[in-house]
Every structure is written in C-alpha cells, then in structure tokens.
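The structure's right below; bear with me while I get my questions together.
Chains here go by letter, A, B, C, D, E and F, matching the order in which they are written, and residues are numbered from 1 within each.
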C-alpha cells in the first residue's frame, strides 16, 4: 500500500499524522510526504530563502525519522492559492505518486494555506482519475482521502488510529524541526497551541487515545466513509 | 410561475430534482434547466467535444421528458471557477430567464463544480436585483433559492416535495443520459453512489418519502426560510 | 462470540438489526434475542393474551430464521417502566446470557418502550460487572453496547455493517410477524414508516449501503467508540 | 379542526402559543387548553389553595381572550411525575377531547413540570389509538404533536406560524395573569426571561417573524415532519 | 462566595472540578462538596459497608486537600433514583447550604447515578426558591448551576477555568482515593478512561488549557448563560 | 485599547456591532471602523459615484456618533474578491492601525462581500505578524478577532456584550444612513430583515439581552476562545 500525506508546511505532517505515517512505514507500506511549501515565512532576522533551506533539511530529516519519502511542490508559504492551475499540479502529483490513500488538512482550518491545500487536494482527488483530463502521467484513482485537523476547530475525528508504539517516533520527527521550536516560542502567541509543543501534542494524542482505550491515538475524518480500513 | 434549475452537469437536474421539476411542469409552470457545462469530462476513448455533443443531446431529451426548457452556459466541465466574471454571467442568465424560484447545488458538496455553481448562483441571486449593476437585461429578483444535495454530505433537507406521481418520469429522464450509465459503471468507483443508479436513487426518494408519509420525495434546503410554499 | 439483542417488541430485532444478527449467526457466533414484551397491544378485536401468544410464536419463528435463540422477559407492552427493579432484571439477564456484545434501542426514540428499554439496558451494562451487586448469577462484563434506531429520529449511525448477503434472511424474518402486517396496515397511520414495510426497510438498508459502497447495510451507534470491531 | 394545547402552568399556553391558538380560534377551529396544574407554587404570603383559585380564574379569562376552552387536570404544580398512571390520565384526556393536533412543551426544557408534561403527552399520543388499551373513552389518534419551547434551550423551531394579526390578543391573554406579573417581578430572577414580560415576548415573536418576512411569528417543532400543514 | 459541588461518588468532585474548587477555596470562598453516595459498589472481596467507610474517609481527606467541607447525603451507590422525595432532599440541602453557585454532573452522562444526580440538582435549583414549597430551611436561590462532564460524551465546555496553579492540588486530592486506584485497575475496563488515571486527567486538563492559552483548565456548561463570571 | 471593525458596507458596523463600539469608545478606547466599500450599489436612479459620496458622508456621521474613526479602503461594492493582493491590503491596514482587537463579518454569511471580507481579515490576522512578510508598516499582532453575523445564518454568538446603555447611540448611528432607509424599503424584499430596520434590530438586541439577563446585547464568535475578556 502507498500512503501520501500532502501538507502545507514542513512540520504539519509530523504534528498531525506522524504516528500514523510511522506505523504504516513500519508495516512496510510506502509513505510519501508532499510539502506544498518550505514554510519560508517561519523565521525572523533572516531571509525566506534561508528559512526555506533550513526547513527543507529539517523536513527531510523528519520524513526519514518517520520512514517516509519527501517531495517538495514549490508553492510559496502563506501564498498558496486556489486556482485551476494549482489544482492541476496536485492532479499531476497524485498521478505520479499513485497513492492508495491520501492524507491532508481538514478544510475548516483557520490557516489559509491549510484550507487551500485541503481544497486543492480534494479537487485533485475528484479529477485525477478522469481519462479526458490529460496530463503527463496516467490517470490514477486513490481509494480515499483522510483529513486531519486541530481539536480547536470544528474538526471531529471519525477514524482513530492507535499510534501508541509510534508516538516516540512522532515526537522525534517533530523535534527535527529545530528552527521552529525557537520560532514558535517567539512568535507562537498568535495561536495558543504552540507553547510546550511536544508535551501539548502528547496530551492531545493521549486524550484521543483514552476514548479508544489505547495510550495514544491520532484522529481523521475520511472523505468516503466506506474505507475505514485503509488506515490501520 | 417560473422555476429555473442551475446545474453543473447534464444529469444533475434529473438526479437531484427531476421529480420536482416534472411536477411543476405538469402543473403548467415554466421550467428551465440551465446547464453550466456539458459534462465533457465524463467519458473515455473519445474527445471532450464528442462527449459534449452526446451529453448535450441526452440533456435535451431528459429536459423534454421532464417538460423543461434546456439552456447551456458553455462553462467547462471540471473547470468552473469562482470569479466576478462568471458571477456576472449568472446574473445575466437570471435576469434573462426571470425565474420566480431558482434550484441549484448545495454549497457543501465535495465536487468542485457543484460547489462553485452553488456559490455563483447564490451570489447572482444577491446581485441580480441591483439597479446600479447594469447588464443587457433588466434587474430581476427571484423569490428564493432552493438547494439540493447528496445524502452523504452535510446536506439535510428542510423542505420535502412529494414526487410520488412523478418518480417514473424522473427515472425516465435519468435514463436518457445513456452514455453516462456505461461511464459510471466503469468509472463510478470514485463515488459509491453510482452503482445501480436508478435503483439507488429510488431508494433515496423512498426513504425521504417515508419521513413524510408519502411514497417518494425529494428534499431541499431553502436560502430564505420564508418561502416554503414556492415549491409544491 | 455471543451477541444479545434486547428489544421492546417481537418485530424490533428483525427490523432494526436482523441482517447483522443473521450474519453473525452464519459466522457461527451465538445470537440471542431478548424480548422485553410480547407486543400484546399490537392487535384489535381480540385480547392481549391472544395477541401475546400469536406474537410469541411469530417471534420464535423469526428468531429461528435469523439463527438466533429467543428469550422473553415478561414485561408488559406499552408499560415498560424505568425502575431499579427492572434494571436488576436486565442485570440478571445479562449475567445469565454473558454476551460479548449487546444490541438495543437508541435512547432518543419516540416510542416510550424503546426509550425505557434503551435506558434499562445501558444501566444494566454499567451495573452487571459490579461484584458487590449480588444476584443469582455471577458478575459479567459485556465488551460494548450497540444502539439501533430509526432514521427519522436524531439517530445517526457511526458503525455500518454490510448485510448484503443477509438482507433476504432479514426480510424473511420480518415476514414471520404475519399478524403485524395486517395490524400495521390498519393502525400504522400513527407512524408513516409502516406503509410498505418490507419495501421501505429495503430502501433504508439500500441508502445506508450506498454510503459504504455495498448493496445493503445496517447502522449502529456504539456506546464505547473503541470497539468498532466487535460487529463485523 | 380541533387543536388542544397541553400546558404545565396557567400562563404557558398564552406565552408559548397564544397567537397560534387565537388564530385558529378566529378561523372557527375548536381550541382547548388543558392545564396540568393551576401553578399553585407561583405566589408568596398566601397558600397554595389561594394561588390556585386566583390562577384558575386568570387562566379562564386568558383562554376566553384567545377564544379557547379551558380544562384543568388537577396535577400539582412542581410535582408532575412521569408514571404509567399519569400517562393514562393523558390518554383518557386525549380520547375525550379528540383533538386533530396537540401542542405541548418541548422535552428539552429545564423546568421539570415542562419536561414531564412533554413526555407524558408524547407517550399518550403513541398510546391513545391502541384498541387494546381500554379506558372509558374510545381510542383516538391525533394527526400530530407540535412542541413549543424557549429560545434559550436547545429548542429550534421548524414550523413558523404568522401571528401578526393575533399578537395583541396574545398580549392581552398574557396580561390576564395579573397575579403573575407581581410574582415574576419579585421572584423571576431565577430565570432572566421574566423581566419586562410582554415586551420581551414581543421581541421574540418579532425576531422569529423577521426570519419569515412577517411582523410576528411563533415557532414549533413537529413530532411528525409530514404534517406541516395542520397549523396555519 | 459559597460554591457547592454535588457529586454522585466520592472521587467525582476531584476528577471533574477539583482544580476549580481548590482555586476558589484558595481565594477565600466557602467550598462544600455534597456526596450523594459513598460509592459503596466500588470494591470487591469485601462488603458495601466496608467500602463505604473507606471511601468516606478518602473523600474527607480529598475534600480537605482541596480546602472544602464534605457532606454525605446517604443515597445508595448505583441506586440513586429520580423521585419527588429525592428532589426534596436536594431542595433542603441547597436551602441549608445556601450556595451562590452549584456545580454538578452534566445530564448526558452514561452513568445512571450521574444522570439522576444532574436531574435532581437541576430540579432542586428550580424549586428551592419557591416560598410556598415549605421545608425546614428557608427558601434560597443560587445564582447559577455549572455542569461538568466527560469529554467522551456530548458534553462540550462553554466556560473554561484556568486551574494551572491548582492542578497539583487536584492530583493530590484524586490520589487520596487510594482504594479506587486498585479497584479501577481491576475493574476499570468497563470504561476506557480509568487507565493511568492521573496522567490521563492531566492530559485532558492540558488539552482544555491549550484552547485557552493556559497550561491546565477545567471546563463547564452553565445552566444560565448570563453568569459567566461566578466561576473565576 | 484599540478596536478596529472591518466591514463590507457603510451601515454594517452600526447594525452588527454599533453598541459594542460605542461602549468601548465611551470607556476611552480607540475605535476605528474600516469600510471595505462605500456601498455604491445601494441606490437607484443615480450613479455609483453619487451613492458612494452620499454613503461616505453618512458613514462618517455614523462613526462620529459612535465615537469612532472612519477609514475607507476603496474596494468596490459587490465586487470584493478573495486574492493575495487584497489580503495584503488588509495586512497593511492592520499593521498601520495596530488594533488590539479586530471585529468583522462571520464567514458563513450569504452576502458575497461579507464572506470575502471575513476571509480576507482572518487571513490578514494570520499573516500580519510575520516578520518576513515585508510591507511598508511594521509587523503587528492583534490579540483576537471577533465575528458578528445575522441570526438567520448559522452564526451562534458565544460572547455577549451588554449594550443596554448604548443602544440608543447604536440606533442614532444607524439612522445616519438616511439614504439607505429609503433604499431598503424599496429594495429590501430580497432579505426579510430590512423591514422596520431599527425596530427589528432592537428586537434582536433584546432577545440576545434576555438570554443574559440584561436589556440589550450584541453577540460575537471569537476566533480564539481564550480572549473572552478583550470585549467588555
């Protein structure tokens, strides 16, 4: 099986679905993380290019920690727009990667890049199997899309994945984004959830896990309700 | 009374509100179906132009079955975009057709063309009565918009129309889209609801009907709650 | 595995979860149906005792059709009350039957017997494992409770069971309640859903099935979300 | 047509559905108000018997203002309980009055008498048509139940009745409960909604009316969704 | 100010609102915990009386840790019933204690004692200020009721209290219920949330806290929305 | 403290949050109203330029009545689009004004300008503190965004502001939009809520107020739930 997570920024995959990706990689599935941007707005006293370079390195280390391949789409941080052209880029990406399952942001997320990524991926899912929509790659039809999101939005998980044995891997992967720890401590006031990043995320996984009778869990909303069993 | 249904693809009107349109046509109301696109992505081993020609014919036969006029707006399948220009096209369309009631897709529909059509029609409804928004046609103000949608989305009908006597007409109209039956059987796996099309739709109408004590019903969400009585 | 369905009236098990019970019986699981009452109010031009006798026979034939054991608790139709004494009866029932999974009515059901049965079974589930609550039978702890309900209430299924191969068995079981077909045709006006019983229920199973990509499904809400996999 | 409102306390009918009752009485329909209690806890420096006598007189004057008959069931204020015996009293009441439509409290109301009245009336609605449930009066089956409630609870109206021409009658009827104006001013702090009673209720009717494009409206939730047209 | 928490079992106050109680006690407010039962079903290889004695001691130690008074109402664990008599006991309790604010269980809690306690306290709140409802104590009217509940139910907090500085006190109080740690480890399988009790509760407080930008929070739903500021 | 309301049209601030703005101005806070457009479609028998001039004057008089500064952003009425460029305009506006709290439209509003304004302001809030997003003004981070909306949409207030003492000021401010009274009477049929403008708005404030135990209130949904106390 091949899982592809499409995320707006370098640390989104680790934070939102790192345990699930690590679990599937550990089972021998192919796992790819597609980074829409390099998160190049996430810094200060520097340039976007420098931030991009640093965060690309961190993303690749994090992906490796999870056992995933990393791919970068070259959109610009904070400037991902909803257009037919960008949708086609995602169609082409899905056709090239040929994932069975796609994971991405939930559409009702306040961050504009998260929202737009969610929308573009969903549209691409609907479009990528159409034979008359010709691109360089052959049509491909993933089985389902799973959305991840923040507990502070309207996101309510319907599918829970037990990641108890992979939470330490998830935490390691998050910690690879070293430049962001400093940045989030300085700048994170905009969003309460960035204080005590690892420890706060662990609490969230724990609360999700408790509702399932396991230690740690991650939660998802599937696009199609029929395919509960693609994620394990 | 004049009802206008604005739909993204040739078979959407029949599937989502065919019974209601047939019922109103049978009462002597004017009924128009506005097709945003000709659904030209809905085929394989052929060209968009050929699919478009076939589906336009099927749409016209289906509209005739329902007792409705057919109008095509020349947008492209899978590429309907949300722009001021496209909104103006819809404003002009509503001003020319002068419908009392507009029916269209529910905004929370996963298909991008359905979503954009819903948004454009709603915006046009708000704009088309403004005297200072000058177009070729005179300002016009429809009484209300009614949205239709899939039971698998967040769509929850608030207005139910008894279509018991018109369900066979609805089914006939759907069957006019002959090219799509083959296409949906081949390609419909993307969306569970296309297997056993007629029989599945009949089950949906039946379940809606049961909640009202009738045999078959179609469901809608009105934009303004005040006008429950425009649809009968 | 042992499944126990606790239902208020003789035909409730077949209507609400007959496919799931037949499926598990077919897999070799033990299946028991506990009838709170014999539905002795469901008749006219006769006596409660006669209706009770007829419906008990019908229930036993229906249970046999599904491959289930039948047990009667001797509560009175339309008069099931919420009391500590009745809760204890259910505790004792669960301790004697020792089910792994319990199925029963959803609490937000308009019928008073359905509501009370739901409440009593849920309370019994919480109580029956307590060692200090001594009854004739030993404490027992079921793994989970699954609720079934009508699509016309606030009931929204979270767990869907594919019953495609067992829908004809479900229909056969429903048809064993011969006396109720006549009764519901005469009296069913109180609740729209009893016209065209079999065919209406088939439409509901079909609509649930479509959301999962199968032909027919039944839907449940689990008490604990952790145990999705007890029902198959 | 015959409408029957079953209310817990003397002023509940006027406050929650007085405009609708007056409108139907004005159309020539029979309208009955069944008072579960005489609201005899609603006073101070006096006795329950004295309050009951005063409020019975006020209720009868208010009912007359609306054009309705008044019936008292002799339950005790603040002590209406949910029992089979009390349910039977309601069954007998509905069978004697033979209403086409019943109006009563919404079940999710914080006041215990309102909740219990709602539950008893709903149960009686399900039971009163059963031939084998024998009481002094003949079985009877109302067409539907409509629930009314406070905007501060989870109550969300689905059926709106235009009472513009009957709001002054509603206000007159409320003012007949003279003893309660003083009482509510002294004691109403428990519930914010009793300050400026008439003027606050008028604001609520106005806000409901605005959503329908009329001046004043009252809102209801029907038990069966099929019968929208019993109330006018 | 005087806060009174009414809880079904000895450890409920500490688990659900211990931080808030400790915070108010620390501010100099009077804090009382009313225990409906002594939780005497919460044990094995012993008697109800022995469990009751042990848990009463633990409750008193926990209350002292929080800075609260402890009162026991002598209802029986697992057997709290909804009756006029029990409601009167709560009326009398509130009149004697004269709290400004009452905290209790949320009504949509699966545990029958929690549900019944919630209902009885709410009813008592509505009744205890009525002058004509005579009991030994004088009428009294609390300002508001705040409900607490489990994140696994439909409970959604509307009022959040920052308990960062009092979470260690809360944890200490929970640990006073020594007999329950063993019991929950043996028996807690019925409800996933009892594994790793302290650490799981800390995760919940942390997740609630994050949504407010603080370290730890507890959440409540107020009966009246007007009184947000009684809890601090 | 500095509050900035960003509204699509000249009368939106007064109608949706005029009482809150007046209250804060009265407390000595700085209050700015940013008008996206001059509402130049809101007229007939005239030109957009004339309507714009009239409505700018009216807006300035209304802002003065509330005690607020007025700023105009020169977007076009009915044509506010969602683009990176427009988002940057809002980023620059927030950086120049440096508000502590931003008030704007709720995103689920049917009017396209209201929706787009809501989206642009929310995005700008997320972007305006980023140091690497360089504009003429320095980065700035508001504390929170509060959304206002119509009771006829899905908008459900979570924060209520008591505006009892400022409702007459709010009404005065609304009445400054003299040209709109005539316009809305002629054209307002598109939306039921414009008949009896002042009196209808007063009813809404009254109904909101009643739920809080005050005479008049305005309601908001905060972006971050943590900052309940920025509005008073």
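By our rule, a contact is a pair of C-beta atoms (placed from the backbone, for glycine too) under 8 Å apart; a residue touches a chain by one contact, two chains touch by 3 or more.
Composition by chain, UniProt nomenclature: A, B, C, D, E, F = Bacillithiol biosynthesis deacetylase BshB1.
Quantities reported herein were computed from a predicted structural model and do not represent experimental measurements.
Shared contacts of chain C and chain E, meaning chains that touch the two of them, come down to A, D.
Shared contact partners of chain A and chain F, listed by label, are B, E. Annotation: the B-D interface is duplicated by A-C among the options C-E, A-C or A-F, judged by over half of the residue-numbered contact pairs being identical. For the copy pair chain B and chain E, the superposing rotation over Cα atoms measures out at 180 degrees to the nearest 5.
At the interface between chain A and chain B, under half of the residue numbers involved are used by both copies, so each side presents largely different positions. Between the CA-based centres of chain A and chain D the separation comes to 54 Å, rounded to the whole angstrom. Centre-to-centre, using mean CA coordinates, chain B is 40 Å away from chain C. Each chain gets one centre point, the mean of its Cα atoms, and the points for chain E and chain F are 42 Å apart. Chain D and chain E have Cα centroids lying 35 Å from one another. Contacts with at least two other chains are made by residues 152, 192, 211-213, 224-226 of chain E. Under the contact rule stated at the top, the pairs of chains that touch are A-B, A-C, A-E, A-F, B-C, B-D, B-F, C-D, C-E, D-E, D-F, E-F. Of all residues in chain F, those touching chain E in their complex are 158, 160, 211-214, 224-226, 228. Of all residues in chain E, those touching chain D in their complex are 83-84, 87, 122-123, 126-127, 129-133, 141, 223-226.
Residue ranges on chain E touching chain C, taken from their complex, read 40-41, 43-48, 51, 78-79, 81, 110-112, 152, 187, 189-192.
Of all residues in chain E, only 151-152, 192-193, 195-196, 199-200, 202-204, 206-207, 210-213, 215 touch chain A in the complex they form.
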